[in-house]
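Before I ask anything, let me first share the structure, which is written out below as structure tokens.
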Amino acid sequence: METDELLLNMGPVHPATHGVLRFKLRMDGEIIRDCEIVMGYLHRGTEKLGEMKTYLQFIPYTDRLDYLSAMPNNYAYVKAVEELADIEVPLRAEYIRVLTLELNRIINHLVFMGSLILDLGANTAIMWGFREREKALQLYEMLCGARMTFSYMRIGGVREDLPEGFIPKLNDFIKDMEKRIVDYEQLINGNEIFLLRMKNIGVINADEAINYGMTGPSLRGSGVNYDIRKLEPYSIYPDIDFKACVRKECDSYARYLVRMDEMKESLHILRQVADTMPAGDIITTQKYGIAPMTGAPSAVMTYFPRIFTPPVGEVYTRTEAPKGELGFYVVSDGTTKPYRVKIRSPSFCNLVALPKMIVGLKIPDLIAAFGTIDIVLGDVDR
Amino acid sequence: MAWISKNWAMTGIMKGLIVTLKHIFHIGNRPLVTVQYPYEKMKLAPRFRGRHSVDQDACIGCGICEVSCPNGTIRIVKYNGRWFPEFNLGMCLFCGLCVDACPMNAIKMNGGYELANYSRESLVYGPERILFKKEVNK
Amino acid sequence: MNAAEELKQAMPAAVVSTGMLIDKPLAIIKKEEILKAAGKVKEMGFDNLSVITGIDYRDRFEVIYNFFSYKKKENLVLKVVLDHEAPSVDSVASIWKVADWLERETYDLVGIKFTGHPNLVRILLPDGWNGHPLRKDYDMETEQFVTMGEDGEDIVSTDGSNLLRRR
Amino acid sequence: MIANAYELVVYILSAIGIYDPINGFFQNYGMEYLLRIIIIVVEIVVLLVFVLLTVMFLSWLERKMFAWVQSRYGPMITGPHGLFQPIADGIKLVGKEDIIPAGADRWIFTLAPFIIFVPALLVFIPLPFGDSLIISDLRIGLLYIIAISALSPVSILLAGWASNNKYSLMGAMRAVAQDISYTIPLALAAIAVVLYVGSLSTVDIVRAQEGTWFDIIPRWFIFVQPLAFILFLIASIAEMGRIPFDFQESEQELVAGFYTEYSGMKFAMYFLGEYAHMFAVSGVIVTVFLGGWTGPVLPFIPVQITSLVYFIIKTYAVIFFAMWLRDTVPRMRIDQLLNLGWKIMIPLALLNLLVTSFLLTAGVV
């Protein structure tokens, strides 16, 4: 009997593609023979915008890259500029930064968990994830006034100091979250159907994963003991006790478990940071005339010079964003605007490995493997 | 048989069923958390970055906010013989850079978040809609 | 001795000069030798190609490769300088799979040709887009309209005539 | 002895003394069959109204339970606790534009949603809602139920084929594969009970479950045939097409499966059909394994009313379980589902059948 390959177009509008991504699948019945990824539907030219805006004005645009974890994006960009201009950041500002970064890691992984389980067909976990996320977002709302697009980091520090009653509320959140993680694990981890769907699906071994440019939790799920926070410690991470969560199984389930472990690890970091929060400035006073505006009637205490010109040079910094290695390559030509901003987004590079993972599997496996890579289309298309 | 016992012991599903049952009957601090939005609203944090408002007495119309805005949201217009900013909220990123940049601390962002409207023109908030007068403590 | 100098010792013909990029060793490579140098870099243990950046300096193009080694925990930056007229450089996609997409992206946005790349087509922008946006001489004034054709291909026009308009 | 609902109506009419005059009136014109037809039509209308109300209530209950599990309120605005939400939804769906895709086979596309409602309703005919509350006590009732519920994939296949959409077709093919693999264990599990009872009639099956052991344990077949019950339950949930076995829709993979292209009233028909089928299948589970209408007999209340209440309580318990399961587990993969059906459930059902028939022949039970 003569058979024909089925060309199936998954996306750009499809419930499981987390946005506007398109898979061109060549299928043999339900088995995927070849997968081509078409993207760019959300391309907004962020890198070109970076050349048009001043260093400070670009911060709100970094929020819109990976809109689920805006704070690490803010931080990665700000860190690149600080390294370029050699700015010292006060200790309290670094503590607040790490606090917000780790809180954002929890938020990101909650959404990851929810959307992964939703993609597998169980509808409960996503609402539980969003329930806890809402509490974290309220913390952010208290801190910086926005719930998703924070633009809270400033070059040399942070925008505002911790509000009154923030630390007790954070402690409540940590306590609550610990109980909820137990709920998630009871619902998901041992569930036989979940294991059937996740184990030995989307296997990629360590060497291949590195070669395909995977980073972050997806790579740690393949057994590479690596974490930029450990390897190239930045901010106050050297002083904090935490471990990189690694799993050796290389499959979708391992990638899921790594993220669940990371949530617990982030809670651990949050507790340490909240306990040892030092007093001091929240934005640097040393260079470029950056000074806190004393006696200002407004709650907004920071003041940044309108003309900020870092020296000529170029820098590449990498940070450990929730989705993987987030790097900013910033080139300065000595004017108020960056000459070139290159964003190395984790989602884009993790997605390279997807066709390798799923060839020979079925559509449901594509969705399971795709869910565990954890991408955001704003980050892929930039 | 080993495969069956390994994969179909159903213990994991039982655990999940118990957790969901606890949620159905709200056992052990698992309350309903959503609010009936249009009828019931959540309390906003005091720092919430919503619609702008400009202190009528403090604003000097210097235009620094216009320069600092990354998206070209702000335009300085003449109103009642003085210069005030006009916000095109359709383009606003709600980043708060104008608030930071204002030398007189005249711009505030708080409150209003229900900004949906039927036309793009009505999203342009001129001085007549954003000015407020600060109450002076006697 | 850092990795860049090691590379210079191993391949003196390929490396033009070495230096530092803030805290990362930097080696400027001759454009013809990049594939060989990349192979050597891979042998030296730099298994992760972090990012490929293309920069338009108006008189020249630079392509910058950031490497990281999971074994030695070291960074290395390679830089290739290309002339502005017809920028092209050998592809390293045969060594690092991730370079496939990174080079496509650089081609798409900066317009640098990677010879030997298996599938060098636009990745973020639609096929048929005019110009490469991250070049400094990119025409920012002309608006380009994209619609989807009968078979799902992208149709780009500058006058918007292919847009579906209802009267 | 009242056998079915028709006789029950006749009995009630006679008891209040109006049956004979009416019957005489029709006999004068030589049309006694007309009265029979009228009574049956009334029965069917009552059944239809009951099913529609049940479907509405079920869709409300499903949403409510879903919401409670997820720490939400669910529908709250229309009516007390959103009880009239299904009516609002129905009005909305009827008011929507009815879209027929350009490449679709118009006739089949229009016909398919109506076909799905037919088997879901036909299943109710031999389903005993209570003592003598049955439309018709067929002697092959159980076989009839299994045969009729196997018709629903025909409609799904028609819908999937006529939509001229790859996702719809894949959903339809999955539904057919699933139904074929799961009707067999369903039937085999039911045959074990039939062997035990010696009759295919649903009423006989329920009657065989009356009484108790040691005055405490009801003589339900779930205790006699636990393995058959589990197989029947899993196969029924697969037949209902609900999570973890909802491959015909599988929203995250196939967008909406076979009804991707449907909108408006036709979509609502699938919705109604799904819930009616769910109620019917739960009723069958209750009838075959959970003792049907049987329960403690209360004084002063007619047995018809108590039995109806018992039946509905038990059916809702099964539906509750199905909804509860839906809130908890993810979807399986289609090949895993077929593996489960062919490699585990059918051999187990055959084994169960073998042991049962051996025990029955040996006279142990």
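For reference, chains read A, B, C and D in written order, and residue numbers begin at 1 within each chain.
The rule is simple: a residue touches a chain if its C-beta (ideal position, glycine included) is under 8 Å from a C-beta of that chain, and two chains touch if they have at least 3 such contacts.
Since we're looking at a predicted model, the values are computed, not measured.
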Most centrally placed chain - per-chain CA mean versus overall CA mean: A
Far-end chain from chain B, centres as C-alpha averages: D
Whole-Å gap between the CA centroids of chain B and chain D: 49
Length of the line joining the C-alpha centres of chain C and chain D, rounded to whole Å: 62
Gap in Å, rounded to a whole number, between the CA centres of chain C and chain B: 39
Sequence positions of chain C contacting 2 or more other chains: none
Where chain B touches two or more other chains at once, by residue number: 8, 13, 16, 19-20, 23, 33
Chain D: positions in contact with at least two other chains: 69-72, 327-329
Touching chain combinations (by label order): A-B, A-C, A-D, B-D
Chain A residues within the chain D interface of the complex: 6, 8, 14-16, 30, 117-124, 127-128, 131, 187, 191, 193-194, 196-197, 362-365, 367
Chain A residues touching chain C - in the complex, by the definition given at the top: 9, 39-40, 43, 45, 47-48, 51, 83-84, 207-208, 210-213, 215, 224, 226, 231, 313-316, 318, 325, 327, 329, 331, 339-340, 342, 344, 348-349, 351-353, 356, 381-382
Touching residues (chain side chain D, partner chain B) in the complex: 65, 67-73, 76-77, 324-325, 327-329, 344
Footprint of chain A on chain C - complex, ascending: 21-22, 24, 47-51, 53, 55-56, 64, 66, 68, 70, 73, 77, 96-98, 100-102, 105, 109, 122-126, 133-134, 138, 152
Complex contacts: residues of chain B adjacent to chain D: 4, 8, 13, 16-17, 19-21, 23-26, 30-34, 36
